[in-house]
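Structure below; questions to follow.
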Amino acid sequence: MAESPAKKARAQSEKGIAVLAYSGGLDTSCILLWLIEQGYEVVAYTADVGQGDDFEAVKKKAMQCGAKKYVVKDLKKDFVLENIWPAVQANAKYEDRYLLGTSLARPCITKGMMEVVREEGADFISHGATGKGNDQIRMELSAYALKPDIQIIAPWKMPEFYNRFHGRKDLFEYAKLNNIPLPVTTSAPWSMDGNLMHISYEAGILEDPKVAAPSDMYQMTSDPLTSPDEPDKLEIEFKHGVPIRVKNLKDGTEKTDALELYLYLNEVGGKHGIGRIDVVENRYIGMKSRGVYECPAATILIEAHLDIENITMDKAMRRIKHDLSLRFTEQVYEGYWYSPENVFVRHCIHKSQEDVEGCVTVLLHKGHTYIISRHSPKSLYNEQLVSMDVKGDYEPLDALGFIKVNAVRLKEYSRLRGMDASNKTS
Amino acid sequence: MAESPAKKARAQSEKGIAVLAYSGGLDTSCILLWLIEQGYEVVAYTADVGQGDDFEAVKKKAMQCGAKKYVVKDLKKDFVLENIWPAVQANAKYEDRYLLGTSLARPCITKGMMEVVREEGADFISHGATGKGNDQIRMELSAYALKPDIQIIAPWKMPEFYNRFHGRKDLFEYAKLNNIPLPVTTSAPWSMDGNLMHISYEAGILEDPKVAAPSDMYQMTSDPLTSPDEPDKLEIEFKHGVPIRVKNLKDGTEKTDALELYLYLNEVGGKHGIGRIDVVENRYIGMKSRGVYECPAATILIEAHLDIENITMDKAMRRIKHDLSLRFTEQVYEGYWYSPENVFVRHCIHKSQEDVEGCVTVLLHKGHTYIISRHSPKSLYNEQLVSMDVKGDYEPLDALGFIKVNAVRLKEYSRLRGMDASNKTS
Amino acid sequence: MAESPAKKARAQSEKGIAVLAYSGGLDTSCILLWLIEQGYEVVAYTADVGQGDDFEAVKKKAMQCGAKKYVVKDLKKDFVLENIWPAVQANAKYEDRYLLGTSLARPCITKGMMEVVREEGADFISHGATGKGNDQIRMELSAYALKPDIQIIAPWKMPEFYNRFHGRKDLFEYAKLNNIPLPVTTSAPWSMDGNLMHISYEAGILEDPKVAAPSDMYQMTSDPLTSPDEPDKLEIEFKHGVPIRVKNLKDGTEKTDALELYLYLNEVGGKHGIGRIDVVENRYIGMKSRGVYECPAATILIEAHLDIENITMDKAMRRIKHDLSLRFTEQVYEGYWYSPENVFVRHCIHKSQEDVEGCVTVLLHKGHTYIISRHSPKSLYNEQLVSMDVKGDYEPLDALGFIKVNAVRLKEYSRLRGMDASNKTS
Amino acid sequence: MAESPAKKARAQSEKGIAVLAYSGGLDTSCILLWLIEQGYEVVAYTADVGQGDDFEAVKKKAMQCGAKKYVVKDLKKDFVLENIWPAVQANAKYEDRYLLGTSLARPCITKGMMEVVREEGADFISHGATGKGNDQIRMELSAYALKPDIQIIAPWKMPEFYNRFHGRKDLFEYAKLNNIPLPVTTSAPWSMDGNLMHISYEAGILEDPKVAAPSDMYQMTSDPLTSPDEPDKLEIEFKHGVPIRVKNLKDGTEKTDALELYLYLNEVGGKHGIGRIDVVENRYIGMKSRGVYECPAATILIEAHLDIENITMDKAMRRIKHDLSLRFTEQVYEGYWYSPENVFVRHCIHKSQEDVEGCVTVLLHKGHTYIISRHSPKSLYNEQLVSMDVKGDYEPLDALGFIKVNAVRLKEYSRLRGMDASNKTS
């Protein structure tokens, strides 16, 4: 049997070691082959961030493609603790809606990759992210920040690669030629990316923003139209702005381990169809793209966190923290996790969460999360003070002066400029 | 039969005319009497902002209480066009959740009141808002801005009033003594305030934030647990950032008039239990208070507006507009509608909406609003450009330089300061 | 000789102990008397924040007025370390110009006062700040924050006081009647307030904003028109964003103690007429007021700090820190030093200054501070990288992609909406 | 005599017409030659933005180099009206110090260039900006925005160019070879760029940030050490936030034309050594660079504008406008003049200036601008209201309530969390 081109190439490997972010799919398998063909030794690397793949099968495929070695790193707990928790503290929603499921995973994945680089003494990394997307940026910026002299091979940005492989068909041919096992299933008419936080769907039929996503596309969440009629009621306990306990008040299930708790919220939230969104968002590179996401646990957690935060955090401090959260969100979306500014903002947000603790009761039902009550040992809510029935330590007369002083500049302005026309905005 | 004290007082009215914001309830009826007792002639005024009261009955009661005159102003359309539409343009959510249903109504109500002041030649206004709430501020700041020399009589901030009437029981006695018809129903164990935009519930049993709101409290929305299993699908068309047409794709119902469209969204949204929230919020005066709100139409509209805005507005412009929206929201919550800064911000937001137009399809079901698709003649989404299958006017190679240049400062920072420890935030 | 009314009153003192912020001037002397008259025991308190008064004389006067005790606290070093240094780190300029000399002193003064309250077991504090100014707010908010149950006696906000004493003349009469030594000098036609950071001038002839301040008014700074022709050149060394060493390169004088260093900068800066400004500013209560300030050391330090900060701080981080600084500045101006938000912001800004260190050389001459050079062990400036003559670790080609990708959305926008008219702003 | 290589190349010109931003210097002369060599027809273009060159000489040189045509456009007035005035309205200082003299000129220059492109039917533009600087970005982004299909030839980003010409010496040789007149003077040991707004100096000996700039470098401003002892006093009148009249109160000189007024301020300001700064700034591409600038007129105008703005603009509105100004400044620095966001922000800022009018008196002396008084028909300053001597329409008692209500949340926070430790920031 004739030697495959890749095998031949391997023999000639002289350029050094490249660590490839490898999924086992058609794209990264072809890239693996191609890298060997170009003269690199390839260490295939997979980050286990909860995507639920069969890593044994991935490994087998990597070795078949000619990888020098296959490394899988279990980063699930790191991902929750180091990346998702700060996003919960920030109530992070990019452009008011997207919960950053992919954006948060990329620095985690890249951090693991850079560890492999160090362990293997590699000089290169490679990945299969396209040249139009956000993920190339998130991975490459993270890599440069973690190891400024790293060399990055991004085939989808290299004309010699993308002018050779124009689409799936070319990759298919190339795989076949190199005796690489081909995917048996026909590909879905969209592209997806998943981890324990979310699954994102884009491209293919979703590229037309006026076409609704098909109902059979979703994998983490039930269809709310057919999800259970009976809700679940959970109590979520926070400390320092992150969940430390979830209890299902219906059946008594309780989770306290961060990863288990997160996966449990995915399970219950998913059962009730929670966390689906369909958006057009602005990529860092300035294109608008359409994405559909399902993200059960984080959707619940951010609702609950917003609630416990507002009963425990001072109003004026909240505004400042909110501005910082906006910056955090933009930075993470754009790939700046490992940047001085994001480290700084994470520090500040973390500081703001010192007293964010207590329990929130949420009801999950048919795609929606209802906050129904909350209590906290660090509550700044004073029932006496706000009560309509008792005065508390508050003199209503004081409000008179408060309003009159706040009106000083309004009255001056009105006297001098007039306010009658002020409802006109154009 | 003996003359009531109020009737006697009326004869002596010498202080001038006071326009009273009058609801027909126990509080403002007693205030009406009391004002007469203090020597004012009282014009009772009601703003019809869609609260759905029987204004004939209110008028009758006002006259019974001794009002010189009763004026009702139909401000429903003004409220939608002048106050709610700007909030939709701003995607306004105070502290990320509250849609400002009361905050937006107050300047509208006060504007009508100041017209009555002018029409009647009054020197005083009066209202029944308490000294602990936001509404006193919103009304009084609006009044001062619209007529800097207005005199405001706010009995709940006057010791001679609030030391005399300690609670509902005292008001009840006072009403009885003055032959004022008493409310026949026992009062609900909470306080509510409604208009066409929302109903808010607070106080009473809701003062304990760890007690869930009772399910029979809600009046605008069905319980999502029992609301229809079959969703409604609506197409909402926007122009200049405000809705100009709503079409129910199931039954063909179509509305184009702003007020009708808004009420229709309330109806359909309410049927599906949409727009309920339960929050602890920060009042302007620095107390935290617990409020429960139902706000169907605006909940749907803001979701839809967010969506059409993001496909038609440039990314960098969106960020600036978002910051302005935050300011808008805080200003409106705190009563600064008629302020130079709010007029300015409204102008800027309005300007930003020039090209925000197009159609959004939404699915309403069991308390949740799903955005499922959108299209716009002013879309900045370019399917060719973003496509994974075609290159469009985009050279993947360019992303290489983009990333490398963006990495310049990260690499420098990392070289000089290190990034390994950068995931640590504390 | 007849007993003065105040002496009589003292005997009857029954209301408890009031700590009065006492300057020895006519106003606070009369307030001292009046408080005794009202039945308080008065502890007169002066904070030494560098105003340069003769505290023995002040004490003598306080005792003559009937004070139970006189306490002076030397807070000069605290003021520099705890209040001025954070403002330098923040480059704090209220409304772009005012360096907060009074705003920063108030929380320092009040903190000392609250210590006296604790030491003396007092229940009351009192001060002579007027009801139109910012200082009443700064002191009272600080006092409430430090001791929520403190009772504040602010005579200039009490009708029984301000309706009795309409102006300087009434106070004069009252002092005379009570055998209090009167000021021998006729008062300047303006009001002034000073501490080691600055002197502020306002009121009197300065109330007309179109009248220039007289040149003989200034006390900390020489007139730049006649100040030395020969400049001084100083090297200022920073660590953690605060100065740790100042060296005069002309004569070798060197200061490292914070307070000495600050006073030395006042001396040299003052000699060269540095730090005078004349502004109309917005008071917290919504009035515009005109103030003239002289503030030598802080003017120099903020210029120098801006410079060392920019060579040592990452660009993106700087923007976030700048936003926080704006908040810091507004909060401090408005009296919120002891607030959760200011504590938080100070923490964040402090964190941002970890690597802000190095030396700045400044030239002081005729009212102006010139930054002429700087160097830092933590510099992020890379001469190789930026050089026009060497490439450094930078590939010019990369800028091509950087620009093209950044142009993506501009080109899309231009194609769809046009940019030709975009220079028109109205 | 042998034909020069460029002349030969010209004959073969086949690629089309390129408009080259041409200064007449060595760099752009060589680029002109090189473009011809590459097969382009070259239209040499100079924007007259007040750099004061001899355009006849520049033209002669362009033609000698083989240009098809030379076009000079007088954009001085456009530059002032369309670019500088918005910056004055914004009080624009990049990173608190740099007044954007070059940043503002680039979109103006590029706009003129794109007009030439249209007039000449060109498909290409070219420029001599380096690949490390900001100017390439400003010009190219502007060009793409104004004409999305423009093709840009930037030799300093093309390896075939920059690998051929490594420095000044190579260009010199190339010019000589092509019979191009060489610069007679030896080049200064720094690089400079000037227009009517400013001159910037960088590179060469200035690349070391700890080396002070030589005093003989400056061209627009006198050395403050030797500038006149006698100040000039000017009255500057603003309308809509831009200067409409400048009057020298010493000699009566008066200017009302925008360009004349601007040049006059340069003249007087320059005479007094005003507007010199020496900074390390952050370039868009993430490098820190050291720049020295002199910018007399704008320095004076921003000081004066800040002053008239603060007496005529409401305080709360000012804060919002200030945030917009920060965005404006960053956008302009980074080259986004022709972007949707900058057009939007310019519109908003312009709107904010409607009532910014009045006169400011400034004193210019030895490098410093002193604001000494101001008056305005649109002043919001109310002498009665703020006066210490009269009450005006203000009740001091109201301040009591104002403070107490503002203290509500501080007291709550302090009771529950404590404030004693709050001065600690670390």
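First chain written, first letter: the chains are A, B, C and D, and each begins at residue 1.
Note that in this section contacts are C-beta pairs under 8 Å (C-beta built on N, C-alpha and C of every residue); 3 or more make two chains touch, one makes a residue touch a chain.
Going by UniProt, the chains are A, B, C, D = Argininosuccinate synthase.
None of these values were measured; they are calculated from a predicted model.
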| item | value |
| --- | --- |
| Reaching chain C from chain A through chains that touch each other, fewest steps | 1 |
| Angle of rotation relating chain B to chain C [CA atoms, steps of 5 degrees] | 180 |
| Between chain A and chain D, centroid-to-centroid distance (C-alpha), Å | 40 |
| Inter-centroid spacing, chain B versus chain A (mean Cα positions, whole Å) | 33 |
| Touching two or more other chains - residue numbers and ranges from chain D | 282, 285-287, 314-316, 319, 336, 339-340, 347, 351, 380, 382, 385, 394, 397-400, 402, 404-413, 417 |
| For the chain A and chain D complex, residues of the former touching the latter | 314-316, 355, 378, 380, 382, 385, 393-395, 397-402, 404-406, 408-409, 411-413, 416-417 |
| In the complex, chain A residues that touch chain B | 82, 86, 91, 95-97, 111, 130-132, 136-137, 140-141, 144-148, 154, 156-159, 162, 167, 191, 202-204, 207-213, 224-225, 229, 231, 276-283, 285-290, 306-307, 310-311, 315, 318-319, 322, 326, 330, 336, 338-340, 343, 346-347, 349-351, 361, 365-368, 370-375, 379-383, 385-389, 394, 396-400, 402-404, 406-407, 410-415, 417, 419-420, 422-423, 425-426 |
| Sites on chain B touched by chain D in the complex | 282, 285-287, 313-314, 316-317, 319-321, 323-324, 327, 331, 336, 339-341, 344-345, 347-348, 351-352, 405-410, 412 |
